[in-house]
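The first chain written gets the first letter, and so on, giving A, B, C, D and E; residue counts start at 1 in each chain.
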Amino acid sequence: EVSELRIPLGAGGFGFLPLHMMQKHKLIEKYAEEAGNPVTVNWSNIGGPAVMNDALLSGSAHFISAGPPAFLFMWDRTRSNMAVKSVGAISSMPMHLNARVADLKALDDISGGQKIAVTSVKVSIPSIIMQMYALKKYGKDQVFRFDPFTVTMSHPEAVITLLSGSGTIVAHWASAPFDQRELKDPAIRTIMNSDDVMGGSTTFTMMSTTTKFQTENPKVYGAVVKALKRAQEMIGEDKKAAAEVLLASMGGKGWAIDELVGILNDPSTKYTIKPENVLKYANFMHEIGSLKAKPAGLGDLFFEPKDLGGGN
Amino acid sequence: MAEPAAAPPRPDRIYETLPEGFGVVAKPLSFWARIADNGVFRKSVLLAVLALIWQAYALWLGNSLLFPTFTETGYAFYEGMRSGALTEATFHSVWLLLKGYALGLAFAAAATAFAITTRVGADLLDTLTSMFNPLPSIALLPLAMIWFGLGEGSIIFVLVHAVLWSVALNTHAGFRSVSPTWRMVGQNYGLSSLAYVTKILIPGALPSILTGLKIGWAFAWRTLIAAELVFGVSSSGGGLGWYIFQNKNLLDIPNVFAGLLMVIIFGLIVDNFVFRVLEQRTIRRWGMQS
Amino acid sequence: MAEPAAAPPRPDRIYETLPEGFGVVAKPLSFWARIADNGVFRKSVLLAVLALIWQAYALWLGNSLLFPTFTETGYAFYEGMRSGALTEATFHSVWLLLKGYALGLAFAAAATAFAITTRVGADLLDTLTSMFNPLPSIALLPLAMIWFGLGEGSIIFVLVHAVLWSVALNTHAGFRSVSPTWRMVGQNYGLSSLAYVTKILIPGALPSILTGLKIGWAFAWRTLIAAELVFGVSSSGGGLGWYIFQNKNLLDIPNVFAGLLMVIIFGLIVDNFVFRVLEQRTIRRWGMQS
Amino acid sequence: MTDPNPKPLLAVDGLTLQYRTRDSIVTATYRVSFDVFTSDRYVILGPSGCGKSTLLKAVGGYIRPVEGSITLAGAQISKPGPDRVLVFQEFDQLLPWKTVRENVLFALVASGRLKGREAAERADHYIAKVNLTGFADSYPHMLSGGMKQRVAIARGMAMEPQILLMDEPFAALDALTRGKMQEELLQLWDETKVTLLFVTHSIPEAVRIGNRILLLTPHPGRAKAELGSTGTDLVGPDGLTLSARIDSLLFDRHPTARSNAHG
Amino acid sequence: MTDPNPKPLLAVDGLTLQYRTRDSIVTATYRVSFDVFTSDRYVILGPSGCGKSTLLKAVGGYIRPVEGSITLAGAQISKPGPDRVLVFQEFDQLLPWKTVRENVLFALVASGRLKGREAAERADHYIAKVNLTGFADSYPHMLSGGMKQRVAIARGMAMEPQILLMDEPFAALDALTRGKMQEELLQLWDETKVTLLFVTHSIPEAVRIGNRILLLTPHPGRAKAELGSTGTDLVGPDGLTLSARIDSLLFDRHPTARSNAHG
């Protein structure tokens, strides 16, 4: 089994807080030692999801973290070779569509040259959410109705553009804490919530690795699962301490600790290994043709769904 | 060597009948020598070898999600062309590229003309180049947003940034290396500043300028691909950068490489059919470059 | 003009006593002329003016989230230096940069030496340059991952890609423009290939090479800033790219600009203290550039 | 002839020229004064490195005097201009991106002398005079050293400027070509009475071309003598030929000791 | 003298040289043959553009013959080498990044002739011979045209090669300097008996320098005559001086009609 584990930290923010907890409290090291296979963990900061994929595929990283759509693409494309599956969910939380223009009261009002900022057109969580929404409301041939109104932008870029009120960006699908930052501006309102479309709390980030790694390194794999669970518990146990870890991971400034604790206390922010609505994503993406395969059940997507306490 | 001996005395000789008929035929070259002399042939062989290496390495690697084989890429390329998606994206990009490149050149021309005619201009160009050339495009983002908003305007702005400095740097350095004699000749005819620049400095500095144009062109491509992502790619359609990123997100790697292959092919075409022809018509013909 | 008249007859003149004492003193220059002659002074004024423009525009814009004022940036810069965060990030980046740059130069040197000595080499360099120079770094991602994994190795790989082609292109073009007479002189002494390149071609092409070095340096910076985001940095701390990225995430825009200011300052320092000195010691001194 | 006290066309007065390099100052000429009148064929003669080219470049307006002044028709010379056309000593004075004909044409057109057919005719006329008609469409890098110089001569002559400045124009030419060029130049002068300022290092050439000859001392160049010449090497009142006098003045050696060394 | 039938050091046989450009082929020399023996001072004389420089470059190994062969000491010449040092006609033959002394030193050291103190001494010796000691630390761009050529001459002489190829080396020099350089060259020959292949366009120089003189026709260059010379312009059996004979041969004019045109 490996003695050095390489895990990229992901895009940062609330969705990846358990990873920072694992790093801070050396949880993986601890459980691996207990399992009789001590490891050192090399955490690295990485910017984009594309690199994350390449890192996993090339063996430069052992575990990666991403949102359900990105994971599902990976799962679908690697079924016949590397068989990437998920370890478990990292977090569940909604994304909010924040709009600046007064006459934009619902997503349906968007028109003309107006644009919505998303982290990645067509394949990000908000894009899929809007496709689902369009399917439900306008029918199958209108699935991609809102895609032409989207534009790729990183969260901070989108926040700045929206707050400056310049340009054609009229709305932004934001996650915490960018969501909260935007709402401080009285001109900006939330007009849509991803959980509403999904019909309940939905997984926001999840961790995955290759089948090869999982079978070859059972002890390490087990330690990672345990560490993930423990990190999620620890966040629940002491939100203030968790908020401090989060703040430190973000450079130690920019947000007040109470603000962060407030977000952690929000019931829609959940840290659980249990997948929520992942199958729904998968089925939808298969239906519209984005995925070639349709997972038969959680067992297809996750290594050991039993360990995760079920989910859907 | 033989001992140095005085040269032998010889009688004077006068050749009364001179040889005639200067049209000496060139020594015929062997078939292989002629083939090897053919640049197109040599480069084709090279390209074939490179493609083979690619194919062999990709096969050996066996990870087509990371690095597809040449044939997979070729097939994706063919499909992309057939469906028109790749062609369309390419047209979109090339069009943008040309606009940005042309604008960048115009600015570079203005900047160097200004630099060469006034001392303040030279200082300014020097300073601006050393300040802005190292700046990543991300630094321009806010200004681009303010001035041009999302989309084409901003991309062209970044393209200008990519082209301007390297072309200006090469051109200005080229100007300063123009032979003093040519300068003096030019000044002798009382040329206007503009005529002096276009008739003396530009041709005199052409080897450097062409290098700058090549580098500028290459950097415009690089920047374009990246900028299409940074500056908000709307899903309504985009250029090659968008094509590449979209397919990367969808993990459709052969298509990603097909997009990159397109960039490579364009590089080869422009280099061999535009820049090379330019070089042969100018600096080679003039004996300014061997 | 007066009517052309034959020149008047004049008596012969013989100057028996020649003027002596050649140490003619230069005409004294006015204070302002001397000040204006001082490059450092002129550039300082320019920089001050640029800073003023920045300040004025930012104030007028009044959107410090998008474009902070010079003073805000200056303060953030000062704070970053004081706390050490900016200094540390800069050191980290510069160190990486130097490694990548040095390696890129080494490869460029090898490539051009190969290109200049063999015809296959020239073809190969031409072809590779026109193929790879326009390729964005993202194209290298998979190979970088396979060969170097996450972190420094990959960043250096991308830096080499940024430096190599522009330096090689300029150097090779410079070599080909070296005066045929100098080449013949060099060949006359039966120099080895290596000596021929180092003793004749490199000094002869130095104006072009220096331009290539400048462009390569600038692109290395640009690339580094972007690559640190893409290829990640070890969690123990990153370079300037990371600094900028993180502050952007925190919407701490003055710090973002402080990072960029650092890039600019470095550009100015390297240009004025490294490249300029190099130029003055070489091509200026040799009369190869005015 | 008619004017008893004419004004010089070109007046050089106490001219000191220097090159400033980072480490040193090189004085090229020191306090040189002379006057060139309209239609003079004024020759400057001096040993290698004495500052002849520098002097000519100063008259051309390329080099600023450190001391003294140069006035052309009463006006201070401050910058190069097409009223003073220079034929340089350097072989690279042709623009490599122009053919022989284009080089000559360019000079005529760029300076506004002539244009269109007239310019083309004049260019061809002078190219024929220097015997290069067959090479009119060649680029300079395809010419021999002497041929390049001949093109430059054709270019200078074609300009028919107020004053033609020539810096050792015939140095690279063989005896026959040289003789022919000298004849052409004198014939041009006969036709146009152009004022010539001619630098050479050859005494016979100076005697043949010049009506006035300025002798410069070795480095730094100072005026040593100014002599008249009739174009033939006549024996003067002191029983010496002009060239022998020049030789003795230039090289400070006894006239009889003069060897036949110069080729 | 001792060997009744010696082998030539340099044998040029039926040499045709051409330049190929994109549009045309220029024949520079056509079927030229001649032999240079060890310690010859062999002069090539011909009008401007007749192919003298091209011929010399071919002997230098820079240009491939289209027809014919060049052998040095029995071996075909295929590439440049330090056994044949060339003094070029061009003014830019000095390496601008080296001072005068460094230029001479570099030639000695790079070719493996000498190194260290010996090389420095030899360099200084020859720089003194061309009267440039005061400029030993100047860069070439700070020299006049004639001074540059003198440095190149010093460099060529310092190399003391098997055969020294000189292309109009003295063309840019004034009479005095030229005479001095000629004397130095002859003195060097007296000391070292170096084989010289010398291109010039000056008949008196050819007569003075050469022991054999090859006359070339105008473009394209063909061998017209090969004459011996004793260094003085003696009157031959036909009642003509050598230079008058050369003149009439070269220019196909009647000997008595010879003008004194060449300067």
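Quick note on the criterion: a residue touches a chain if its C-beta (ideal position, glycine included) is under 8 Å from a C-beta of that chain, and two chains touch if they have at least 3 such contacts.
None of these values were measured; they are calculated from a predicted model.
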Chains contacting each of chain C and chain D, listed by label: B, E
Chain-chain pair with the highest tally of contacting C-beta pairs: B-C
Chain separated most widely from chain E, comparing mean CA positions: A
Distance between the centres, which are taken as Cα means, of chain D and chain A, whole angstrom: 83
Distance from the mean Cα position of chain C to that of chain A, given in whole angstrom: 42
Touching two or more other chains - residues of chain D: 90, 92, 142
Touching two or more other chains - residues of chain B: 63, 66, 142, 145-146, 248, 285, 288
Residues of chain A whose C-beta touches two or more other chains: 50, 54, 57-58, 157, 160, 164, 166
All chain pairs that touch each other: A-B, A-C, B-C, B-D, B-E, C-D, C-E, D-E
Complex contact set, residues of chain B against chain A: 63, 65-66, 141-142, 145-146, 149-150, 229, 232-236, 245-246, 248-252
Chain E - residues contacting chain C, complex: 57, 60-62, 79-82, 84-86, 88, 90, 92-93, 95-97, 106-107, 110-112, 139-142
Complex contacts: residues of chain D adjacent to chain C: 1-3, 6, 16, 18, 20, 22, 27, 30-31, 37-40, 66-67, 73, 162, 193, 211-212, 217, 220, 222-228, 249
Chain B residues touching chain E - in the complex, by the definition given at the top: 1-2, 4-15, 18-19, 22, 24, 26-27, 285
Chain B - residues contacting chain C, complex: 36, 39, 42-43, 46-47, 50, 61, 63, 66-67, 119-120, 123-124, 126-127, 129-139, 142-143, 145-146, 165-166, 169-170, 173, 176-177, 180, 207-208, 210-211, 214-215, 217-219, 221-222, 225-226, 241, 244, 248, 253, 260, 263-264, 266-268, 270-272, 283, 288-290
